[in-house]
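Take a look at these structures.
Here chain A shows up in two complexes: once beside chain B, once beside chain C.
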Partner chain A sequence: MPQVIEQIRSTATLIVPEIVLLAAVCALFLVGPFLVNEAGEAPAGLRKRWGFLSLFALVVALVAWCDGDHSLVQNGLFRIDGLVWYARGLSLIAGILLVLVLWNQIDDVHSAEAYACLLSIVMGTNLVAAANDLISLFLALELVSIPTYVLLYLGKRDRIGGEATLKYFLLSIFSSALVLYGMSWLYGVTGTTNFTMIRDALVNRAPHAGEGLLEISFALILAGLCFRLAAVPFHFYAPDVFQGTTASNAALLSLIPKVVGFVALIHLIPLSGATDGWERWMPDHESKLLLAALAVATMFLGNLMALRQSHIYRLMAYSSIAHAGYMLIGLVIGDTAPVGGREAILFYLATYGLMTIGVFALLSARAGDGQPLKTDADLRGLSRVQPMIAVLLAVCLFSLTGLPPTAGFLGKLNLFLTAWSDGTQLGHVLAILMALNAAIGAYYYLRLVALMFLEPSAAEPQPVRLAWAPWLAGTVCAVASIALFVAPQWLWDSIP
Partner chain B sequence: MHWLEEHWLGVSLILMGGGVWWLMPRSWQLPRIIGLITALAGAYLMSWGIKSVGGDLGDTVMFWVFATGAIACAILMITNRNPVYAALWFALATLNVCGLFWLEAAPFLAAATVIVYAGAIVVTFVFVIMLAQQSGATAYDQHARQPLLATLAAFLVLGLLLGMLRDANPGDVLVAKAQSPGVTANLLSQPAPGKTLDDDTMRGLGRSLFGDYLFAVELAGTLLLIATIGAIAIAPRRSRGTL
Partner chain C sequence: MEDPIYWPSFFFLLFSAIACAFAVAVVVTPNVVRMAFYLVLSLAATAGLFFLAGADFVGAMQIMIYVGGTLVLLIFGVMLTSQDRFISMKTSNFELGMATGVGVCLFILLAVAARSIPEWHGLTAQQVAEIPLEPTAAPLGMGLLGARVDSPDRSGYLLIFEIISVHLLVVLVGAAYLARARRSRSGFSLTSDG
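Here is the complex of A and B:
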């Protein structure tokens, strides 16, 4: 019996940051409702108290993350390695920024539930990275999506918000079912749910055994996870949902599902490709073509549709689709190129997180007192009214475009080099198409910058007090985008 | 007959798909029995092509009863106009599938499926439908939106899956080695001393669930907590009107 307890304890040590977050989630969920009275009124400023509690929990989790041992540890359900270390850091820091963006976007009554949902999304993201079993992976994926539904509805409770939530809810459930069905085929072929044992079974199989069944499982899992990446043709929800929801939710939706989707694909694709993990992984010819077609369609559709948008959230939704396309190129190439595809994706995720959270934070920084910035007309002449916001927003938009001196340039450069250094014709074509798309993208990002700086302001300049929390998050994002351009090496070195 | 042996998959899919399409709710209703018979004929042709492995007579009879029931109830469920009936057909389809599980010697799975699906979920469905549709059935229950496209897509996917399964050999199912380095089974999930896992299935399952998969069970519990409190938070308050 002591041995059993020892085993449970040793598994628990693998997921200390997540346990910290879980404790905070339970506290928020179970205490929160008691501070709201029967009539649905909460003491003013309650959301700030919950916000500070969430920040505290995230910082404690970060400390646990720093202290934890991330050399390769594997057990039944969880496996800790460099990828987990990186993904944890990424999601915890993104979590802190997202808490700051959420600060003024939620009413006091629902703040406890909203922050708890945000923390459980961060927890789920970490667990997706740490999963070493189909069961824990699926539960972790759901731990991201179910709180997202709640958060989407709590953020905006009008008719458009309800429609956006319902669209996301139904399509997300459908995609989860696809992933689960794909996993069940994988389990049917290999007879186990443990990644290590699946890999063993695939490495030791007779040549070409079970290939068709594995292809089906790969296609189903890819289809389900592409919903999270917002890759074409699974992107239909993105523009409507972004337009119908708040800035904090849009920031969350543009980053976290992409982190989750790519990390899960990094876990699962090598299993269906049946080699010994990412170290020697290269997609076979058919999956390569499939992924390349997805990447090209996603880049072009995202960028071309974004050209026509005048609502900034909608534009950012198409931009997030386009960025998913860029990152898919890394998956096409795999780890055979001199510049590895996985490293390029993980680097890009970090830089993309900074830019997209930065844009939404700055758009909402004024929302506390003045009107929220939502359309082209709101941005017109912003540099006269709010010079600081305009400058920082311009930095984030430059980063999204991929212009130096911002981190977005390095992210795109890495992906380009990955595709080019692959040396195949497919790699060259993808690299050229990506450069072409970056040029298309430049038009609509720079149009926004021109609107802010070159057009006259429609309204009289009047001083508007800024909300400090989203303002802080936006500033951090913009400054970090430039800092990462100056010193990218430490981030690059930390990628496993 | 020879031709049929070559093309059983395509023919059976077309028959089944045609039957389902025939049954789809529209403004002009075709005689339902024809569609159902066509679809079932397709299903039988399919099972003839797949050539199920025979057991003793009792098992075979039970298999045909449950399989026919499952397919017929599933077709009636997706083609019924009345959501309450559809929910009840769903319960029947699930019960039939549970019968198939039982035949495959998976009593726990069968019992759990009966309790969860046929019990809890269908009751919830029926309650929600009755609460939400007090004014009677709505227009979107009366007509299928895209009967042809939906049927085509569904049977294309079915055909793809079955085609892959037809081409696969039983030897394709890879068996993972019981012991891999780095993966240790929890002591709790080992059979009790002096017993094997076979005569101790339920006990082994329980031990595995709360031993090897203890953290997965806890994660599922967290998920339920979030879903429950999230649902309460989403629901409008009594003081604000509705509910």
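Here is the complex of A and C:
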């Protein structure tokens, strides 16, 4: 028994940042309801107190993350390595930015639950990266999706919001079932749920034994995770959900599920090419073709549909689909090329997070006067009414387009170089298609910039008080986008 | 003397026939209440298959959680909430055709793949009888408390157990909000016009 306790203790030391977040989640959930009275009224400014508590928890988790040991530690359920270290940093910093965006998007009554859900989503993202077992991976994936349903519902409780929540809820459950079914086939082939032991079982099996089952399980898991990436053909929910929800939820949905999905795929892809793929981290031939088809379809559909949108949230939903397509190219190539596909994806995730959170933060920064920016008409002539917001928004949009001097340019360049330097015909085709799609994307991003700076304003300029928290988050995102262009080595070096 | 009927096979065929037949019935029937009832029978037969496979704990859980808990709740939910127009669900012929096509294709794919594993078929009755019957409930419980009986050098699932408890907390909070929506002061237009 002492041995068991020692094991539990050693496992717990691997996930200190998550335990900090868990403590904050429990505090918020348990204390929150007592500060709201029977009639459903809360003291004014309650959301600010909960917001500061969430920021505090995230900062403590960040400190624990910095102090933590990032050498390889392996345990039955969790495995800590460079990837985990990077993904943790990414999700904790994204969590801080998202708390700031959520600041004025939630009412006082529901604030405790909303922040608690946000923190548990961050915790789930970290655990997805740390998982070393199918069971812990699945539970971590669910720890991201279940609080997302609640958060979507709390954010906007009108008819459109309810429809968006329900759509996301049903499709997300369906995708979880697919992942679980795929995992059960994988367990059936290998007889274990532990990643290390699965690898041993696959390497040591008879040649081609259980090939068909492995392919089925890979296809099912990929289908389930593609829902999170919003990759075609699992993208249907994205535009409606983005349009129906608040800016903070849209920012969350555009980044966190992508981090979760790609990190989970980075864990699982080597299983598809079990014998030779494991050492070099690349998918086998059939999976490559499947992923390439997904990437091309996702890029084209996302970009072409975005051309027709006049609602900015809807446009950003299609743009997030298109960006998932770009990142899928990195998965196709794997780590054979001089510029590794995995590194390119992880770099792109960080830069994409900055741009997309930045856009939604700035769109909602004006929401203090009850007028969030939502459609083309709202953006018209914004540079005369709100010059600072217009400039920062333009930086984020340039970054999404992939223009220098922003981090988005480097993200796209990395992926392009990865695909091109692969040397195969497939790599070249993908690189060219990606460049073509970046050009299509430029049209609709730059159209928004033109609307802000070249068109006359519809309304008379009047002073609007900005909400400081989303404003701060948006400024940090825009400035960091430029700073990362100047000093990308800092981020590049931290990628495992 | 040799029993003329090999009973494990008999029960396997019986339970699987019940499970499959009622699973098809769930899909075919247009009535929601009957759907729920057929699902009860299908899942109960699946529990029988678990018992046959020696997974007594999973079988018992299947009965307690699915048959006993979830489905009774589902039937009550359907009976209490459904209005006439929702009780009966009609699917168009096109949808039925599509679903049948996809379902049959997937079934053939899975069946062929499962048959391709040599270890999964061809056991004789003699070999089956030699597989030792082990209790499953106690090792599972110890595993969830952090101790692995089968491989003592690996840690158990205590932390997983804790993560599940966080799930349940979030689910309960979410369910409370959804259920409270009708009385909410902040207005909930999804139900306000219904």
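Just a few scattered comments:
Here is the rule we use: the second predicted complex is superposed on the first by the 490 of 496 C-alpha atoms of A that agree within 3 Å, B and C clash if a C-alpha of one lies under 4 Å from a C-alpha of the other, contacts with A are read in each partner's own complex, and residues count from 1 in each chain.
Just so we're on the same page, a residue touches a chain if its C-beta (ideal position, glycine included) is under 8 Å from a C-beta of that chain, and two chains touch if they have at least 3 such contacts.
Predicted model only: the values in this text are computed from it and were never measured.
On the shared subunit chain A, the superposed partners chain B and chain C overlap sterically. In the superposition on chain A, A:Gln3 makes contact with both chain B and chain C. Once the two complexes are overlaid on the shared chain, A:Ala209 sits against chain B and chain C alike.
Using the contact criterion defined above for the overlaid structures, shared-chain residue A:Ile198 touches chain B, although it does not reach chain C. Legend: residue contacts after superposition of the two complexes on their common chain; A:Thr190 is shown touching chain B, with no touch to chain C. In the overlay built on the shared chain, the residue A:Ala431 is in contact with neither chain B nor chain C. In the superposed model, A:Glu38 lies in contact with chain B only, and not with chain C. When both complexes are overlaid on chain A, the residue A:Asp107 reaches chain C alone and has no touch with chain B.
When both complexes are overlaid on chain A, the residue A:Tyr149 reaches chain B and chain C alike. With both structures placed on the common chain, the touch criterion links A:Asp158 to chain C but leaves chain B unconnected. Overlap of the chain B and chain C interfaces on chain A: residues 3-4, 7-8, 11-12, 15, 22, 25-26, 29, 39-40, 75-78, 110, 113, 116-117, 120, 127, 135-136, 139-140, 142-143, 146-147, 149-150, 153-154, 189, 194, 209-213, 215-216. Considering their complex, residues 160-161, 164-165, 167-169, 171-177, 180, 182-188, 211-216, 219-220, 222-223, 225-227, 229-234, 237, 239-240 of chain B touch chain A. Chain C contributes residues 109-110, 112-114, 116-118, 146-148, 152, 154-160, 163-164, 166-167, 169-171, 173-174, 177-178, 181, 184-190 to its touches with chain A in the complex. Across the complex, chain C is touched by residues 1, 3-5, 7-8, 10-12, 15, 22, 25-26, 29, 39-41, 75-78, 107, 109-110, 113, 116-117, 120, 123, 127, 135-136, 139-140, 142-143, 146-147, 149-150, 153-154, 157-159, 162, 189, 194, 209-213, 215-216 of chain A. Taken in their complex, chain A has these residues touching chain B: 3-4, 7-8, 11-12, 15, 22, 25-26, 29, 33, 38-40, 74-78, 110, 113, 116-117, 120, 127, 133, 135-136, 139-140, 142-143, 146-147, 149-150, 153-154, 188-192, 194, 196-198, 200-202, 204-206, 209-213, 215-216.
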